[in-house]
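First chain written, first letter: the chains are A, B, C, D and E, and each begins at residue 1.
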Amino acid sequence: MLELADADVFYGKAQALHGISIACAPNEVLALVGRNGAGKSTTLRAMMGQIPLRQGQRTLDGADITGLSLPDSSRRSIALVPDSRDIIGGLSAEENLLLATLSHPPGHWTIERVYSLFPRLRERRRAQGTSLSGGEQQMLAIGRALLTNPRYLLLDEPTEGLAPVIIEQIVAAIEFVSRSGVAVLLVEQNFRVPRRVAKRFCLLDSGRVVWSGGRDQIDDRLEAMLSGLHEGTHA
Amino acid sequence: MNRLERLDIRLCLLAMAILVALRIGTRDEGILLVACLIMVWSIFALGYDLVFGTTGILSFGHAAFFGMGSFGMAWAQMHGGLPFSAGLVAAGLLGALCAWVVSLIGSRITGLFFSLLTLMLAELMSILMLTRLRGLSGGVDGLPGVARPVWGEVDFFNNANFFWVVFAVFVVVVLACWVLRRSPLGQAFQAVRQNPVRAEQLGFGVRPLRQTAMALSGGLSGVAGGLLASLMMYTGPQMLNWKTSGDVLIMTLLGGSGTLLGPIVGVAFFEVLREVLAAYSDYWYGLVGLVFILCTLFLPQGLAGTALHWWSKR
Amino acid sequence: MSAASHTNAIACSGVTVEFDGFVALNDVALDVPAGKTVALIGPNGAGKTTLLNAISGRVPMKSGRVELWGDDITRLPVAGRTRRGLGRSFQIINLFQEMTTFENLRVAAQPPRFNLQPFWRPVNRWSELGDRAREVAAVVGLSDVLDMPVATLSHGRQRAVELGLALMADPRVLLLDEPLAGVGHNEIASTMELIERVRENRTVLLVEHNMEVVMKLSDEIVVMMGGEVLMRGTPAEVRNDERVKRAYLGDEEGTEATHA
Amino acid sequence: MSTFVIGLSIGMLLFLLAAGLTLIFGMLRIINFAHGALYMLGAYLAFQIALWLGFWWALALVPVLLALVGVLIERLTLRPIYKAPHEFQLLITFGLILVLEEVVRATWGLSGKSIAVPGWLSGSVSLFDTDVSRYRLFVIFVGLLTMAVLLLGIERSRIGLVIRSCSTHPLMAATLGVRVDHVRTAVFAVGAALAGLGGAMAGPMLPIQLQMGGTIILDCFIVVIIGGLGNIRGAVVGALLIGMTRAFGQQYLPDWIDTLTYAVLIATLLLRPQGLFSKKERLA
Amino acid sequence: QDAFRIAGIVPLSGAFGIIGENMRRGATIAFEERNNRVLGKPIEVVWEDTETSTQVAVQKTTRALARDTHTLFGEVSSGSTLAIMKLTEQRKVPHIITLSADDRITGADKTRYAFRTSNTVAMENRMIGEFARRQAVKKVYGIVSDYQVGRDMWAALKADLESKGITVAGIDFTPIGTKDYAILLDKAMKSGADGLALIVVGGDVTTSLKQGGEVGLPTKMKVMGTMLMDETQGQAVGGTGALGVHSTLRYHFTQDTPRNKRFVAAYRARYGELPSQYAGEAYDGMSWWLDVVESTGVWDKEKWVDAFRTSVRNDSVEGVKRMRACDNQADQMGLFGTAVAGGAGMPAVTMKVTETFTSQDLFKACN
């Protein structure tokens, strides 16, 4: 169980998260939804340990890991696919993948498996990671996170910029890892994907959790709330 | 105009007022000399910051523009028989020309490569001046006897009088930089610094803008060099040494790049620190280094930069 | 020859682009008829962005020719093409990070005028620049964050700034690279409306993976694959093409626009 | 032919001097202007240790001591400002030059020093009709050895991968489990150790004096630039190119040597703007 | 007037820092010897570090002259000295030079106020030629730093050597700061010359001799030059490169005069080492000047200058020195030495004075 409890996060003086509490458990896909700027990415970054909490706690299987360093969080099986992809420059595509394996014991995911998930990456494996196309970079970022064989996988808009056919593969992969006991926290703008893979939904607005519930409850409620929020703030 | 800019120019005006007060308050030539040096180096640093803080080009070649400016002044007077004012123009033009040529040669290169290219071209210029052009530059000995203005009965060889000449140029340069920064051209420089790819996409000619910035900056550096030659009544190829480029970068960063006050405060701090530490300790050299390191660690926006940001946010 | 008499706003032929031996575009020809919106789709890495780069002058072409309103612009640098009315947005967000939203837009409003007028007048005295910036900000829905540094905006909002910058110079031909990536679910509709408005009296070349949007907005669709043009047709033709289905669309289920 | 051997020795000495700079630049993207000062510190320490314990001890201990100095410098001054723009690291290294020079001056004074080499390394052997000093042959040997270690250790192995990731995208590297802090400290320490090795090796051939660092740093830059900024293979080629230019230049056109060196450099920069060995990145 | 103010404008850091530091020490002995007083007033000295840069030297001089300064002392490099001489002349401040050797200082650019009590390039050049002749050198190769003074020196030396029937086997001009002399030395050794005129400056002396040591240069040909070797250099070069090198000397602590014995003793007591030639010359010039000032008995710079122009120092550290009123140059004898292994209590490399030249040998009449 990876959990944020009562977390406050600031960027400089601006508060981005207000007392967020979110937990994700193995075998579960939890979807985080909300408008642009609601704080979804920030929540993932905080869970990963990329930004410190001003208030509140981060726990992993009950142990307090609030102050745990970023490399150690990764070594404790948390992985993040950031929204900006963050491909490491100066390294080839394959080296980007290789790097992810170096600090982690081997597991189900190997570079070969990633290549069979995304055959396009195998074709371009010698190219500079940062010179890949937008979608290829997205595949690389996902593959890289999988290669750390995480128990907690944080996905920030993983299907952005991907061709529909690839999105299908991502959906399959998410279902697969979640079945194999991995907890997945999914942030998506594209509703189709979470609707298919997530069991639980959390709706964020202005850095707060404003609603959460199961898949069966979402259809009308969520749509309504999202558009309601939309009306309310967009002048 | 935002608060920070407003504060910036006001504090610059205050600095000018302090300089005038200093000139009226004392006749100690030693102090006035230091004041003149601060103004001359401030002109250099402001020119430098035009490429560094505004356009985002890290140049290690400014020593050459500065040095060539000083030779422009010397040659105009010694070989051309021209008056001081023409010498100052020649200094500016020579500095601008050198900078422009350097930026042309490096027009295909950006980033650190460009920085290192400027370093190397400047070093080449310095070596040529020292060896091949010995006849023109005076070689290691340099050219003593660079003149000062002649204007009626006023004795400009007295630093108290020459002060006013330097001060006038200083004021003009500060105001020019201020106007430039706020102009569309200045904004275009900023755009090039922050995101050249996007700037180009928006229709800005990134290369011509970079070259313009370099030429303008080289021109100011040249003017500063010319003034220094006249102030010291001496110039030599040592002025082209790359360490001078390091010095001006340090001063700019110490004060805070990207503002008007920053380079001026950086220069004043540097000069005064050196004077004070040298007067009190044999280890001033190392102490200066220590102060740099501490300032960098704790005041990363520079002395004036930190103060301006803090003040304008209140 | 006057621009208006041309039927094609953009005409490329024989465009080949290589990166270290890898052929990203192979002898591509593409026409975008004046006033139309053409969508460019295809699998990841098909060469769509690279084609936009070739048209806007960002990558060197090994061979080929690019025309804008019938004029050969193959040798023109990026900025030159922009000044001829070619605008574009970037797939990966690309802004002036230290400026506020307003300053970003104002700087973008500047170039065409900047040569004509006294260059020393402070920018904030150029009221037309500020007005234009505010006008575009309103169009892309950024009026409430004008004074925020763009670095602090969320991903979706930055996307809007990206679009705003492309619109600033009021280009007659607009290249849009995935303008909807990262735009919130709830804002897709409004962004689509925006693009709809934008494409009136403009020629648009649109790259987008969101099929819903592509089908709705484009007059014609060009499908690329492996650096070559696979087919060209109306939305309906493309949707029903077997090759496109297999290589790009995948399962029907995933692409059907079931949600409004 | 003898010119070639001497050129080789000049090149290898240059490589030794520039290797640490290349490493730190290539891996941490820091232009370490203090490299020259570390080299000077290495030379003075070598002088002192050679005086007490002999030349071999100096060669062995100086890199270790310099590595420690490197660790200290990195921890105290560089670590806090990695997030700041690169110019600030430059400012720090400028400051370090002054501090290190002051430390050396206060310890050893202003007068020049020399290091005596063991008997079998002094004197010369006859090669191709020329007396070539044994010590130069030793320099070539150590240079080649260092080159081999660096190439195998960094370019070939995974260490290089890890280190490069820390320089280009530290946040993401850490997110993938790389202990960025440790890597940076280690790289800086190795760079400093290489500077020290360079100092110890140069001690018997070049003046040991306070300004020795300042005079060598430009040469190092030339090598690093020609090689394509921070590429070890490139640095080797750059060093040899300059070594040969100097040797043959001195043979035939001695008073044009500096001009020649810079001409070679600028030609390289203009023909291959990014240096001889380097890769381009995608912008849009 | 409350004090006799002296400005010491010397490099205390950079390439010539060691020279400036030694000059400071030598001059200090001259002050202490007279209890820091002259004409009944305390001596007040300000030392300014010129950082081995003419630019800085000029700046520091300008500042020093802005105060009421009675004597200016320095610099090391002739270029700096020539530049600051313009300032001392303008301000009419007596200027004592004890190191810079360029002929122009008391030649083409001489001023009323600048005095040199030490050697000139011309006289040192003549010493080399004369030394080569006395040692029966037949062929000389030249390695010369590529700057104006170097080229001038070489031109004069070459003419001198040829007039003495010594042939010139070859010449290389090399940039100041050359880091590798191996090729040049190799060329020299292969040229068949038995003498090497090594006319280089600063760090280049150390570099060339160190690298010469690697291949046994001093044992293969007679290496000679001006200020090429002394105890300070010996320490920097090390035994193998230094021993056997021949050089002009401005002063040597073994000079057998009563004043020198006193000076060496005082210097050792104060600094725990033997005085270098820079220290010796500085002491000599400064103490001479102060004695002359004292002897005038009046507080008037012009009188001091007039008195110094014609003064004779009978008991200088190296015998008689005579100031020549025509050019403010002290006429004196010259020393030539060879580096040998130092005995007990001596530096490892010690100069042994092997030749002395009378002033008649070295100076042309003044005009």
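Just so we're on the same page, contacts are C-beta pairs under 8 Å (C-beta built on N, C-alpha and C of every residue); 3 or more make two chains touch, one makes a residue touch a chain.
The chain lineup, named per UniProt: A, C = Branched-chain amino acid transport system ATP-binding protein; B, D = Branched-chain amino acid transport system permease protein.
What you see is a predicted model; the values in this text were computed from it and never measured.
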{"item": "Farthest chain relative to subunit C (centres taken as mean CA coordinates)", "value": "E"}
{"item": "Per Cα centroids, the chain farthest from subunit B", "value": "A"}
{"item": "Chain centre separation (subunit C, subunit E; CA means) in Å", "value": "75"}
{"item": "Mean-CA-position distance for subunit E and subunit B (Å)", "value": "37"}
{"item": "Computed distance of Cα centres, subunit B from subunit A, in Å", "value": "50"}
{"item": "Touching two or more other chains - residue numbers and ranges from subunit D", "value": "105, 255, 258, 283-284"}
{"item": "Per-residue multi-chain contacts in subunit B, two or more chains", "value": "127, 131, 197, 285"}
{"item": "Where subunit E touches two or more other chains, by residue", "value": "13, 146, 175"}
{"item": "In the complex with subunit E, residue positions of subunit B that touch it", "value": "28-30, 33-34, 37, 127, 130-131, 134, 139-142, 144-145, 157, 159, 232-234, 236, 238-239, 278, 285"}
{"item": "Residues on subunit A engaged by subunit C in the complex (per definition of touch)", "value": "11, 14, 33-38, 41, 83-84, 120, 123-124, 127, 131-136, 138-139, 157, 160-168, 171, 189-192, 226-227, 229-230, 234-235"}
{"item": "Complex contact set, residues of subunit E against subunit D", "value": "12-15, 17-18, 21, 146, 172-175, 177-180, 182-184, 186-187, 189-190, 203, 206-207, 210-211, 213-216, 232-233, 235-241"}
{"item": "Interface residues, subunit E side, partner subunit B - complex", "value": "13, 49, 53-55, 58-59, 62-63, 66-67, 77-79, 82-83, 86-87, 90, 146-148, 175-176"}
{"item": "Contacting residues of subunit B [partner subunit C, same complex]", "value": "1, 179-180, 182-188, 190-191, 194-195, 197-206"}
